[in-house]
Amino acid sequence: MITRRWLMMVGLGLWVGSAVTVDAQETIKIGAPIAMSPPGSVAQGKEVRDGLTIAQEMLNKGGGVLGKKIEILYEDHQGIPEKGRAAVEKLITRDKVVAITGEHASSVTLADIDVAHRYNIPLVNTNAWSDAVRLKGYPQVFNRSNYNTRVAEAMADVIARMKVKNVVAFAENTDYGTGQAEAMKKALAKVAPDVKFTSRVLDRAAKDFTPAVLPLKADRPDMIVTIMIPPASYVLMNQLYENGIAPSKQTWLYDGAGVADYPEFWDNVKDAGVGLVSFGLYHPKVALTKLGKDVREAYMAKEKREPNRLIFQAADSLFLLADAMTRARSTEADAVIKALRDTRFEGVLGVITFDKEPGIYFQQWKNIPFVTYQLTAKGQQLPDTLLVQGPGIELAVDKLMRPAR
Amino acid sequence: MRRLALSPTDFVLSFGVLIGLGLAPLGVRSEYWLGILITAVYFAMLAVSWNLLAGIAGLFSMAPAAFAMVGAYTTGLLHHHGGFGPLVGIPAAVVVSALIGFALGRVTLRLRGAYLALTTLAFAEILRLVIANSIEITRGDLGLSVSGILGGAKIPTLYLFLGVLVAYQLVLVWLLRTRAGLYFRAIRDDELGAMGRGVDVVRYKTLAFTVSSAGCGLAGALFVHFLQLASPEMGLILQTGLVISMVVIGGMGTATGPLVGAVLVEVTSEALRAVGVRHMLVFALVVILIGRFFRDGLVGLVARLARGPLPAAAPPAALEEGAARR
Amino acid sequence: MLVFEIVFTGLLMGIFYALMALGLTLIFGILKIVNFAHGELFMLGAYAYAVLVLRAGMAAVPALLSAVLLGALAGVVVERLLLRPLYTGQVGAGPLRDEYAIIVTFGLSLFLINLVHQLMGPYPLKGPDLTATSRIEVFGMFVSPHRLLASALGALTLGAVIWIIRGTVWGKRVQAVAQNRFGAAIVGIDHTRVSTLVLAMSGGIVALSGALLAPLFHAYPDVGAFPAVKSFVVVVLGGMGSIAGSIVGGLLLGVLENFGAIYLSYEYRDTFGFVILMLVLLLRPHGLFGERTREV
Amino acid sequence: MSRLDLLEIRELRKSFGGIVAVDQLGLVVGAGELVGLIGPNGSGKTTLLNVITGYYPPEHGTVQLHGREIGGRSPHQIFRAGIVRMFQHVKIFRRLTASENLEVAGRAAGLPAGSSRQRAASLLDRLGLASHTHDEVGGLSGGQQKLVEFGSCFMSEPKLVVLDEPFAAIHPTVKQTMVDVIVERHTAGQAFLVVSHDIPAIMRLCPRTVCMNAGTVIADGPTEAVMADHAVVEAYLGGHVAR
């Protein structure tokens, strides 16, 4: 009897004890729905968060915005559209945030922007590549992020120049993945119509891709393109290598997701990464603006390692919002949105403006810089990688090295 | 001693809870908390449906969330491909999930206990995987955006949901007060014995499956018009786990339990989130404790406490001994 | 050539399906319940191995052994706290018993997933390979030596468990209880000790599977869902409680899935198992190797 | 009075895999008869009951009730046709009250709610369970549970009541209550088929006894005669030697 009564106390106590909530003082609240747990890309989520934090600290050290400190409220969406929708709903209705940023997963972002649109809250897209985000044409949404068509065209160009004939793409089952595969098909049809391009959709939640890669042993393509986000992309790369498919003498491995500069990349792929050709959005050999240098410094001081592109994209996202609010002299939605529309802001990599023409470029930083580089040694860090293309660096495919076997 | 489960008191109490929910908006102004309440009502519909099947008819299905997903996608696909609105979508969802439920009930007739749980789990996963992988039709993991209802206004939506729940609960109470209610529980306690006492087991098991599935489908279809996004996530086994937790915590086999459980769990999860505790961690623990010690959930627990000295209570003898032996 | 590789890689995975199913089927044999927290013991094993090696810098082999121990321990605790009432008659018989078993084991599964999530966070932890090189060449084809080694260890464990069951006194007791609880009790076999032993074995082998597969599937809170579901499929396929059945079923599923994924549909490969499971349950509820019991 | 046949079984056969449980079995029970069925363990008694009450379909042969074939019908149809059964291992609805337990049978037999409740009440009263009418039977003693199941046999005016080991392992007073009710009902014209190892009880209760062994009837007739029958004694001794 004693035990039972006691257990009841515990049982009921659990509820009483949990009805606590906290309140904050006057700040500018900005919501950041990011992936903090699987199946979402936790790695991306963390990078975005670090980047936002750097910018937040820099801004607040400088007295904040409109005299108020910036407060960022994070919500975990696990890379799941439904959860993202709920998270944004919560940030707007419960936490009363004045703007949203930090998006880094297309499928989720597509759900998020519906909510931001419904409540008319400005949203700066940090890293959602899917063209569909732009095609929705929401006036509240501005894209600091890279976009699929940009990657597709860049990679199609490289593929054409590398003179490969038979390309197989593995795309993850998200708007980003399927979208980029589509875009690449289109782009290739333009620049290299004779290339045989086949794409296969993989479940990002899957862990064993052996059944998907085995058939490639029967007929080996000249190149395999991966359009996947970690951890799935790491698993796929490992299994491509384990099965002796790519990177190999016959088959190039070309990453279209820009994952080679993630801090935990080498812990996960080891030998499988040697010889990987990668699309990227930043390389230390690329010149940074004054702001960029400051961000890099702050980050290096904190994390003791080179920042990667997500850090910069996230930082820029917050700077863009701060800039717009300062110019609008208000955090009121319509004013901020208007200000964002005529943004002309020097971000970490250059001057950011937003295109006005409807379509895939709508409110998009159209000429976002990109790079192409190759990992030539195991454990190689970004600065040491072989840069074959970038702002002011003409594409040189002949510099790429083929794996021995 | 008198049993509370499905007694007139129980039925009255259950409507008491619903009235309580109806009064909530007087106190709750925050858009956000109204959203939570709407979600709670959605889960209440699932909990009530699952309780009919598992708690009352003893058919431990692992598919409630899957049927909600079916409902959501029925109306979602009708909207996406046919441009139909909720008025077509929701009734269609009820019919479709009822039919699938009927079929599942038929094919799993011979299965009980763990076998039934496994089969329904497999079935739920097949549905989810097929929806998640048929990208051309369902957009897979990306989800389908669905038209909203009542202009997304929270209070009207809440009352719409509540209205549906009340109507649904009325139907169930009526059903349980007919001989069907008696047969369901007889089948739950001893299927072969029920046959031997003239109960057409096939018929009533199928009935329970059909009604329960229709209820889940209805809930899913309604909810998805509030979410405005249908995604395979709705059918995750973890969602089913949440529903099961709600019913077990509230009190399996009672009319009030599932409602109390759903509201309590949904509202509490938000409070817990605020203090940085994973809500499912707490609920899972409570589920184990209740499964282990109280069995008839909070409702039964409260009833017992109200009834005073414990030893007098606890229906099944075996259970009482079990607890006392400790 | 390709077919050979399909069968080969299928078997490599099948061994683990068999191992995990074996753990499940042993429990079913003596307690007549399905342990819905089976996958979470796999998860614990994966974490134990990954954390001990990566964070505590332990060597692979001791880490594997610790994972096994942890799994066994967890199994014993589960038996003590949750499953014992099943055979001390505290939860009644028939439906009441089934319901209790499902609720507590499913509740436990939810609990463990969320506990680990709270403690370790959601980040997938890739367990380090047992081998330094990440691929070798055998009969003209590349394979991951870790996979080979892991599957070999799996096969050994499989053999060891069968030997324990078939060859030792304790195994005989387990079989006795599985065949006839009351008979066993009469000849003085202590059900409690047998259950404890079986739960320990079950926990141990499934945790080992988790540890050995950690480099392939990583360790994260709900990594257990996939192996659990596979072992459900296998156990039902092979017949609940049948040891031979779970082994044949496991290897079979491994190969079938591979063929299905490559020749039928890669996208729907995970549904094959479920379809098989449903068909078997519907057409032959007692599995391919299970025997039916008299109900009235 | 004319002795019209109630239950008529011909050439019944039922086997499981290789094992033949019932073979070439013929048995007739007349209306209002009270027949005992004995036989060593494994002689096929329970299998026979399972076929009669629809739990197993017959493999070969016929089972007729009032000349209508019922072999292979499902248990609930056979209940409605007029055969009710009490199981060897008590089969009750643990989480239903004693009254509800009986009402299940009542409603299934087509009684409206009210009258089936009254009928249940009076039966429970007759069985001395009045005070437990609204208790969940799971909480009752083994004997009381057996009485509840026994009572539920009489909710539907059955043509034939089949009792499988009704007297096994119960308190003498409970047994007495059952015996009394059986006698009452029998004199009122109710037919019974009583399976039991309790030979004295059978001798006291049943004018006629049937003995089964190895799946078929080896003796059938007035109880004394059957008990004296050489084959029967043989069967039982043989049966004992076997185990």
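The chains carry the letters A, B, C and D, assigned in the order they are written, with residues numbered from 1 in each.
FYI, contacts are C-beta pairs under 8 Å (C-beta built on N, C-alpha and C of every residue); 3 or more make two chains touch, one makes a residue touch a chain.
What you are looking at is a predicted structure, and each value in this text was computed from that prediction instead of being measured.
A.B. asks: Looking at contacts between chains, which pair has the highest count of C-beta pairs?
C.D. replies: B-C
A.B. asks: Counting in whole Å, what is the centre-to-centre distance of subunit A and subunit D, each centre being its mean C-alpha position?
C.D. replies: Computed value for the inter-centroid distance: 74 Å.
A.B. asks: For subunit B versus subunit C, what separation do you get between their C-alpha means, in angstrom?
C.D. replies: Centre separation, subunit B to subunit C: 30 Å.
A.B. asks: So what's the Cα centroid distance for subunit C and subunit D, whole Å?
C.D. replies: About 45 Å, centre to centre.
A.B. asks: How far is the middle of subunit A from the middle of subunit B, if each middle is the mean of its Cα atoms, in Å?
C.D. replies: 38
A.B. asks: Among the residues of subunit A, which ones contact at least 2 other chains?
C.D. replies: 201, 203
A.B. asks: Name the residues of subunit C that each touch 2 or more other chains.
C.D. replies: 92, 96, 117, 222, 267, 295-296
A.B. asks: If a residue has to touch 2 or more other chains to count, which residues of subunit B qualify?
C.D. replies: 133, 188-190, 192, 277, 316, 318, 323
A.B. asks: For this entry, which pairs of chains touch?
C.D. replies: Those chain pairs satisfying the definition are A-B, A-C, B-C, B-D, C-D.
A.B. asks: Within the complex, which stretch of subunit C touches subunit D?
C.D. replies: 92, 96, 295-296
A.B. asks: Which subunit D residues qualify as touching subunit C in the complex?
C.D. replies: 46, 50, 55, 87, 91, 94-95, 138
A.B. asks: Can you list the residues on subunit D that touch subunit B in the complex?
C.D. replies: Those residues of subunit D that touch subunit B are 53-55, 74-76, 79-80, 84-85, 87, 91-97, 100, 103-105, 107-109, 113, 134-136, 138-140, 149, 152, 156.
A.B. asks: If we count contacts the way the header does, which residues on subunit C are in touch with subunit A in the complex?
C.D. replies: Touch list, subunit C to subunit A: 2, 5-6, 9, 13, 117, 121-124, 126, 133-135, 137, 141-144, 147, 216-218, 220, 222-223, 226, 257-258, 261-262, 266-267, 269.
A.B. asks: Where on subunit C does subunit B make contact in their complex?
C.D. replies: Residues of subunit C touching subunit B: 28, 33-34, 36, 81-82, 85, 88-96, 98-104, 106-111, 113-115, 117-118, 222, 225, 229, 232-233, 236, 240, 267-268, 270-271, 274-275, 277-278, 281-282, 285, 295-296.
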